[in-house]
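The block underneath contains the structure these notes are about, expressed in structure tokens.
Just so it is clear, A, B and C label the chains in written order, and each chain counts residues from 1 on its own.
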Amino acid sequence: MRWPRLAWLLLLLPLVPWTQTRIDRSLGGFRAQEEVLYLWSGDQVRRLAPGFEGLMADVYWLRTVQYFGGQRVFATEKRFDLLEPLIDITVTLDPRFEIAYRYGASFLAEPWPIGAGKPESAVSLLERGVRNLPRSWLLQQHLGFYAYFFLRDPRRAADALLAARKLPGAPPWLETMAADFLAKGGERQTARKMWARLYEQQEEGPLKRNALNQLQRLDALDAADALERFTAEFRRRRGRWPDSFQELGQAGLLPFPPVDPTGVPFQYDPQGGKVEIARESALWRHPGPLGSGLR
Amino acid sequence: MASDTTDSPLQIVGLSKAYRVGFLARQRRTALDSLSLALVRGELLGYLGPNGSGKTTTLKILTGLIFPDSGSVSVLGEPLGSRGWRRRVGYLPEHPYLYDYLTPNEYLDYAGRLFGLETGTRRASARALLAQVGLEDSADVVMRRFSKGMVQRVGLAQALLNDPELVLLDEPMSGLDPLGRRLVRNIVLDLKARGKTVLFSTHILSDAETLCDRVAVLRSGKLLAVGRLDQILNVDVSALEVLVSVPGASLPDLPGGVRVHPAMSERVRLDVPEGALAPVVAAVEGAGGRVLSVLPTRESLEDYFVREMGPPAEGTWAPRD
Amino acid sequence: MGSARLSRVQAVAANTFRETIREKVLYNLVFFAVLMTLSGLLLNPLSIRQDEKIIKDVGLASIELFGTLIALFMGVSLVSKEIERRSLYPLLAKPVSRGEFLLGKFAGLAFTLLVNVTVMTLGLYATLWATRRGAGPELLQAVLAIYLGLLLVVALALLFSTLTSSALALVLSVCVVVVGRFADVIRNMREVAPGVPAWATQVLYYALPNLRNFDLKTRVVYGDPVLSSDLGWIGVYAASYVAIVLGLAFAAFRSKDLQ
């Protein structure tokens, strides 16, 4: 190519990325809201590509996973608005997409910032899964677990587990777990058993990591409770709450380092002697209405 | 006469074809109007006519591409609908398109299989024909690379592959350079020498004049005339064509009424009215020249065409030929 | 069929196969189909253990999609292009009948499709073995059903090709193929358009090709059993529909003036 033409071409090239950044800046703010508006319903998408529903379900599932991961990692305001529509489309396209129900429920149920914090949606999703895959004891089990842990409805949870027990291949411990659900008190212990089961069952990946995270959180909560007993003891002895963990330690009332299982120190509020999981910890959950699940 | 027609390799009686044209195809235009023609075995018939006269329509009916409205055709003694005669007939269409992704060998092999020729026969025949049309070196080159003339020659080869008794050629010279035309002309004469019957449709009147035994002339779908050239063309004995040779190409004074055609070296052609022959001869010889030949002028086919092909009759029309 | 007739049909079929194989477009399509299947390999980290399902979904969908494209594009050029380019003329003057010609074209293209579908299927299996996921013969059931559907598409393309120009034939064929995929909508048309009389929807439903019949992809991917009788019925449907369509094409073609 001749010199002048080459020069023109080189001059024009940067124009494209530059205008792109301009577009992103001006239109980008509205993108997320637009997307929600323009995302079609599952039925509409189904109509679009008859004969290719399985493939479309895969595509939407990939989108779901990417969206979820992207919101978790990159978004400053983690909104998870599109999660429910994306999952809905996925399972409308392929009602037998078992993994979409299981993982989708987790993404929806976990409280902010881990997930969308919509446990009722998660449970509805699992109910839909149970309807479409009636022979899957695993989904029934998940339904029970989520009803217990996120909706705090032990009756519903126990019923689900017993229904699961009747399905082919169901393990016998479901009955014992159902009994545990119905028993009064000891919820944290039961929750621990539940997450331990889930940890065993899940394949390598986000759900397994999440189960581990929940188990560690329960340990952290136990540790926080223990520390609060010590701060209460301090108050009983000195008539006031300790100023910090250090003071507690100086008083000989700190038998173990005040860090959670991920190594992040607990947060202490001297006003009421409260010990909380630190905001920066991976174990932190937003204390919304039902968002935090069982403590 | 009767024995001629029953032995006729191609007999057309009352063939008519009209096309529907216009929006919603309401109008009818005649392409062929009750055409009747019979070929004589072993002859070379020129099928002539201006564009749109129905030549190609006739050939398309013969080859089964279109269906006539009325009339009957018998080919080599069999009716048009029977396919048996197709084994013994060869056809070269005008501007043939022959699968440009094939080589000549592949195309001829395909054509041969459609003729029902045995492998050995068709290979040998293909080889011989490709040599005859001068393409033996390009026999395995994909035809996409061929010039129009080369494709035309392969077309001729596929028409002769089955050693047909009757050969139908539609504009066989088109697209060929003078060498190519000479080649085709020789092939056609060779066919005639071997007793084949050839129907030769063409625009090029000089070819018809030199090659054909008889011509059939079409105008507006009707057969205008059929017969030997000397039967159709007027022989105008009122003028003579005199060829003379004069030294230095300088002509003596000639009597009036003599037309002089431009000289070629020392030879000059003169059109001389009958009565003036003697004085012209005397003048030429007096100038030291010689009279080479004296012939009665005959109008050419071109003159005949110009004379006959006035504006077409009302209401008749033919599709593009 | 007499042996002379058969050998003419074979000659047309063999030439059609050669024509389509030398058509460069074909290679691009097959290449892209195989590429799409291979791209399934890239999805491993993203898909949370779904790569086997995704590879199968992508692979089968590619075979179906690209096979349909090949059937459509090659199918309409079978007759329309031959007429438009007049390559038909020297051939029909020979002892081959129009019916033999059509049959040979269909057979040639059916064989071409078989070769292409086989190549794409091999690509799919290769991808599955490369990712060390098992791949049994059950996938072949879905591939067979797809192939039978493709034969139907070819027959339809051939029919439209005898009736009209190649461009219009392509448009019509695409329309029929799309409508054929929405066969269930046609059957349940009265849900959205209650004014339509029941007999009309019935007629429409049975007359139009139901291409959903050939979609066993979901069943095979989820490992549901496919009975041989199921495949048998699908085969009979395909064979009868193809026979009817080819018969119509023959009827349309045999007395058509070729300008």
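As a convention for this text, contacts are C-beta pairs under 8 Å (C-beta built on N, C-alpha and C of every residue); 3 or more make two chains touch, one makes a residue touch a chain.
Please read all numbers here as calculations on a predicted model, not as lab measurements.
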At minimum, the number of touching-chain hops separating chain A from chain B is 2
Could you pull out the chain whose C-alpha mean position is farthest off from that of chain B? A
Highest contact count belongs to the pair B-C
Could you work out how far the Cα centre of chain A sits from that of chain B, in whole Å? 89
Report the inter-centroid distance (CA atoms only) between chain B and chain C in whole Å. 47
Any idea how many Å lie between the Cα centroids of chain A and chain C? 46
Using the touch definition up top, name the residues of chain C that touch chain B in the complex. 4, 7-8, 10-12, 14-15, 18-19, 22-23, 85-97, 255, 257-259
Chain A partner, complex, touching residues on chain C are 43, 46-50, 53-54, 57-58, 61, 64-65, 181-182, 184-185, 211-212, 215, 217-218, 221-222
Can you tell me which positions in chain B touch chain C when the two form their complex? 60, 63-67, 83-84, 86-87, 89, 91-93, 95-99, 101-102, 106, 110-111, 113-116, 155, 158-159, 168, 319
For the chain A and chain C complex, residues of the former touching the latter: 47, 50-55, 57-58, 61-62, 65-66, 94, 96, 99, 103, 203-206
